[in-house]
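In what follows, structures are represented as structure tokens.
In what comes next, chain A is part of two complexes: it sits with chain B in the first one and with chain C in the second one.
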Partner chain A sequence: MINDIVVKVRDLHVYFYTNQRCNKVLNGVSFDIKKGKTLCVVGESGCGKSVTANTILQLLPELSRIEKGSIEYQKDDQLIRIDQLQKNGKQMRKLRGEDIAIIFQDPMTALNPVYTVGHQIREMIFEHIPNLNKKQAFERSVKSLAEMGISAPEQRDREYPHQFSGGMRQRAMIAMAMSCAPKVLIADEPTTALDVTISAQIFDLINELKTQHETAIMLITHNMGVVAEMADEVAVMYMGNIVEYGKVEDVLTQARHPYTRALLRSIPVLGKGKDQVLEPVRGMTPDPFNRPKGCQFCPRCDFATELCENKMPPETFIDENHYVRCFHHEEVIKHAK
Partner chain B sequence: MQNKPEVLLRIRGSKTHFAIKKGVLKKTQAFVKAVDDVDLDVYRGETLGIVGESGCGKTTFGKSILQLIPITGGSYEYAFKDGIKDLRTLNKKEIDNARSTIQIVFQDPYSSLNPAMSIFDQLQDPLIKFGVKNKKERVDIIGKLLEDVNLPREYMTRYPNEFSGGQRQRIGIARALSVNPELIICDEAVSALDVSIQAQVLKLLKKLKDEHQLTYLFITHDLSVVEYIADRVAVMYLGKIVELAKTEDLFANPLHPYTKALLSAIPIADLAQKKKRIPLQGDVPSPVYPPSGCPFHPRCPECMEICKTQKPEYRRFEVHGSERYASCHKIDLSDVSNK
Partner chain C sequence: MFNYIVRKLLGMIPMLLVITFLIFVGIEMMPGDVIDFLIPMDELARMTPDEVNQVREALGLNQPMLFRYFSWLWGIVRGDLGYSMQNSVAVSKLLLDRLPATLELSIAALLISTFLGSFLGVISAIRKGKIADNVLSMAGMIGVAIPQFLFGLVCILVFGIYLKWLPVGGRFLPGKEAFFERLEYLIMPAMVLGISMTAGVMRYSRASMLDSMNRDYVKTARSKGLSEWKVNLFHGLRVAYTPVMVLIGFRLPMLIGGSLVIEQIFQWPGVGILFTDAIRSQNTPIIMSVGLFMVLIVLVSSLLVDVLTAVLDPRVKLS
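Here is the complex of A and B:
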């Protein structure tokens, strides 16, 4: 079982610095990405989901750094500490794309408009697989496009991004990410910019990668529906912490953190009709520069006590795979019943 | 809604085509048929949801009701207090007045508020225009409006950058309400908001509807939102309405294959509800060169020969006493009416 863990993140702290202020974006995040499994990271905007993804690839902005914690990548038999590599060093550049690939949210801006799609895929192939001649590289890029279900791939290979539709651009992005057969695929809200019927196609594609290539997938989303369909494991994030982490069945049906519960109650669920009661999470997400002292969710929480105001709850394990950051999780689950 | 509901807005044959101009002489090459032959009745006091994928013409349709864009054809008969008039025949002044009964809430709460004006200044403009001359009165009205949308009265002196997305959207709603409209067009009013905030705004919209006897035309791409808020739902595809029915009927027994596929594509946050997905091939075709026959036929899993050549009619059905509309050659009512 241990060998299934491809990326192991422990107690990760990332701070951003601006104008002599410090934004503690990530405050001790721990999770595993496992081979052939999908980890979904959910949370509202600004909770640090994308930063988590970018940190794994060391794609952080200039004035930021990993303060504490570790990111370990299991490359065959070798263990690589990603957090200790140089941001633009040779080793890091080799890891990006070849071992860990990322798909960004917006396919319109992530592709370069002045190069053909095929050229951009081959850029990646030449970088990571030396000794390929042009013909072999072309065949490889066409093959990866065809695998993503793009019709007439030879012709599409020579076309520019503007000639592609939104869904096809996202497929091209995935084709690019998968062209070097990475072990880990990080998808940062891959379908937010797409329509439901198209995003269903993309999700089928990602699931196929998971089962056929045993790719480890980290899927970032804000949609609980996507979590229910795609995830094997879920991490719920709030203000730079994973507040609840566990198997998808456990988190969705036995949620122990008040925030997870509140989030699930606030979304309209298809099939429940007009009489369903929506309970918005009260209050607002706090200012990241002026955070609550203890538990970040404390000002909006119904179960909050004095203890929560002063101390951040530690990771409390319910069972081997399920942890929650809440002092009162017993009460929360009792209350729900 | 047992007795015959009153029609507030009757739209017949609505068409909005945009010309594509090319070359030195700007000759018209082709038309984007953004909205093509849409018939729709909006009843007083209902919430009518319009759903569809991006580019299907739902926003254009919403804007065309307010006459915010040049319309190619059709009639928009609105039941004003002093009789039924066609919105397209009104002159400029009359249109201005009509806009005090029809209002719109836009999608993006960041670009629809002027960053250089305080909330009071933005909200007082429509009041001045529609005859509230006394400043003290305006302060009173705006304070009341802000309280209606659950914001403190004191916020009226603030500027948009001091507000979060959800608050801004509520200010947008307050602005629409300021002139006491009857019909509010919500163009993707909650799409840009986070889920927890979205719930606040949805609840607010429901509350305001009862308090102010409003009618909503709710344009969105999110079917679970529509199911929560709408009484009836119209599904648009490539500038046409392909199905219209009461919300419960549409979600329980969709008639049109596109509606079926759309419903099956939505991820549901409930592990108990695993369903079979109907995969759709390819993308939405270009509205410049729509496919021959039924616009949905290239992606339709139930496509027949006739669909490729002949446009299906927009037909009326009656199932268990409630009326519904759909345009498809292959509609089997037997499995619906048996239920």
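Here is the complex of A and C:
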């Protein structure tokens, strides 16, 4: 069981030092990414989802750093402390693409406009399998395009990104990410820039990777509907913390954090009919440079007390796999019933 | 591509006609009479109006302006650039004497500024906010602020007169005209001109590189495990240098006009002095020929920029 954990993140703190000010973007984030499972990270924009994803690959911009915490990667029998590797050093670079691959939100800008799609895939292949010859590499890039459902892959391989549609580009990005058969795929809001039907196709593709290749998947989204559809496990993030974490069925049906509940109320539920009341989450996200002292959600919370204002609630385990950062989680769940 | 180039070249013809005609009218409207520059003062004073008129007649100055423009144009079509009004030397001979010197100097300077400017700009962008970047930005600002002639004179003082490393002016010693023998004459003017043109290229390529390095595809490249130099070179720079190439293309016309000041300071026997003299004395055939040449370079450079952009950026289609 424990061997199924591929990436283990514990108490991760990441701070940004922009404009002489410190932005404490992540304040103690812990989660696991497991083989053949999808972890969905959900939360409003600006809560630190992308930063979490980029930190795993040490792709953070300058002026930011891991202050505290650990990121462990289980490579076969070997345990690698990613947080201790040099940022763009040889070991870190070897993990990128070969072990952990990432795709980004906007496939329009994530591909380089001046190279053919095939060239960009082969760049990755050559980096990690340098002894291939040109023909083998070409076959491999064509194969990975074909596997992602791109028709006429040999011809597509020679085309430039601007000749692809948005959905096709995201497929090409996934083809690139999967070309070296990584153990982990991180997808940072992969369908936000795409329309609904195309999104559904991309999600199907990601599910296929999970079942067929047992890829461990970390899927970032701001949409609870996607969580319900895709997740095995969920991490709900708010202002640099995971406020609730657990198996998808637990979190969706037994949500114990007021923020999780608020998020759930803000999306339509299938089968509940047309006249369900949708409430957007009340209030505004605080200024990241001027964060509340205690629980970050406190100013927007119905259950807030003086304790919440002054102290950040610790991770409280409901059971082995389910934790919540709320002093009043008992009350929250009682209130809901 | 071929069709495009042919079409563009044909399209240049009406433009050349209009512009050269405007230059011709411009010369016509300059104050003063050409005769005053052609015949020395005291001689002119002794001549009768009839005699003066004879000279005019001989030079064709009494013909209507349109007639003179078209006879110049007819000459150009036949490959005849005309004769200097001052001493009746063929303009083609004058240009052949002078043009290689100017081109030599400005091509050297253009190469120096292009390579130095883009190299320093890229370094500056990669090391943004670090010491190297700050020093280079400062140097760039000083470079833009210092006038060419001052920079040239200081260099002559230091390297020519004080240190005696390089000759202070001229292009070669008589009899020693092989390229390597005159190289030492070229170094200082080319460096002064080149360095004074560098700051602009440097600032532009720094901005372009920074813009490119902030794009998502650079992050994608990094996420593939590419090393930093590959990320910077093959992704950052590869996209950044298209606009830099465009800038350099638009600078090509400087090949003729840009070295004027430097030619004067270093007594470089180029077109610069010939051209300024010609303008001062309203020597129409010379002005027209050099003007035509400049306009041609401007038009051809913009065509070159178009073609280059299409070659460098697959998104651009020539049409």
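Quick note on the criterion: the second predicted complex is superposed on the first by the 330 of 337 C-alpha atoms of A that agree within 3 Å, B and C clash if a C-alpha of one lies under 4 Å from a C-alpha of the other, contacts with A are read in each partner's own complex, and residues count from 1 in each chain.
As a convention for this text, a residue touches a chain if its C-beta (ideal position, glycine included) is under 8 Å from a C-beta of that chain, and two chains touch if they have at least 3 such contacts.
Fair warning: this is a prediction, and the values are worked out from it, not measured in the lab.
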Simultaneous placement of chain C and chain B on chain A, clash or fit: fit
Touched partner set for A:204, first chain B, second chain C, both or neither: first
Chain B versus chain C as contact partner of A:168, first or second or both or neither: first
Partner chain(s) touched by A:281 [first = chain B, second = chain C, both, neither]: first
Larger contact residue set on chain A - chain B or chain C: B
Which of chain B and chain C A:229 touches, first, second, both or neither: first
Which superposed partner A:314 touches (first chain B, second chain C, both, neither): neither
Which of chain B and chain C A:248 touches, first, second, both or neither: first
Chain B and chain C, minimum CA distance [Å, superposed model]: 5
Contact residues of chain A, present in both the chain B and the chain C interface: none
Interfacial residue positions of chain A with respect to chain B in the complex: 44-45, 165-168, 195-201, 203-204, 222-230, 248-249, 252-253, 262-264, 266-274, 276, 278-281, 284
Residues on chain C engaged by chain A in the complex (per definition of touch): 215-217, 219-228, 234-235, 238-239, 242, 312-315
Residue ranges of chain A in contact with chain C within the complex: 57, 59, 88, 93-98, 101-102, 104, 106, 109-115, 120, 123-124, 127-128, 160, 162, 173, 176
Contact set on chain B toward chain A in their complex: 53-54, 164, 166, 194-200, 202-203, 221, 223-225, 227-229, 247-248, 251, 261-271, 273, 277, 279-280, 283-284
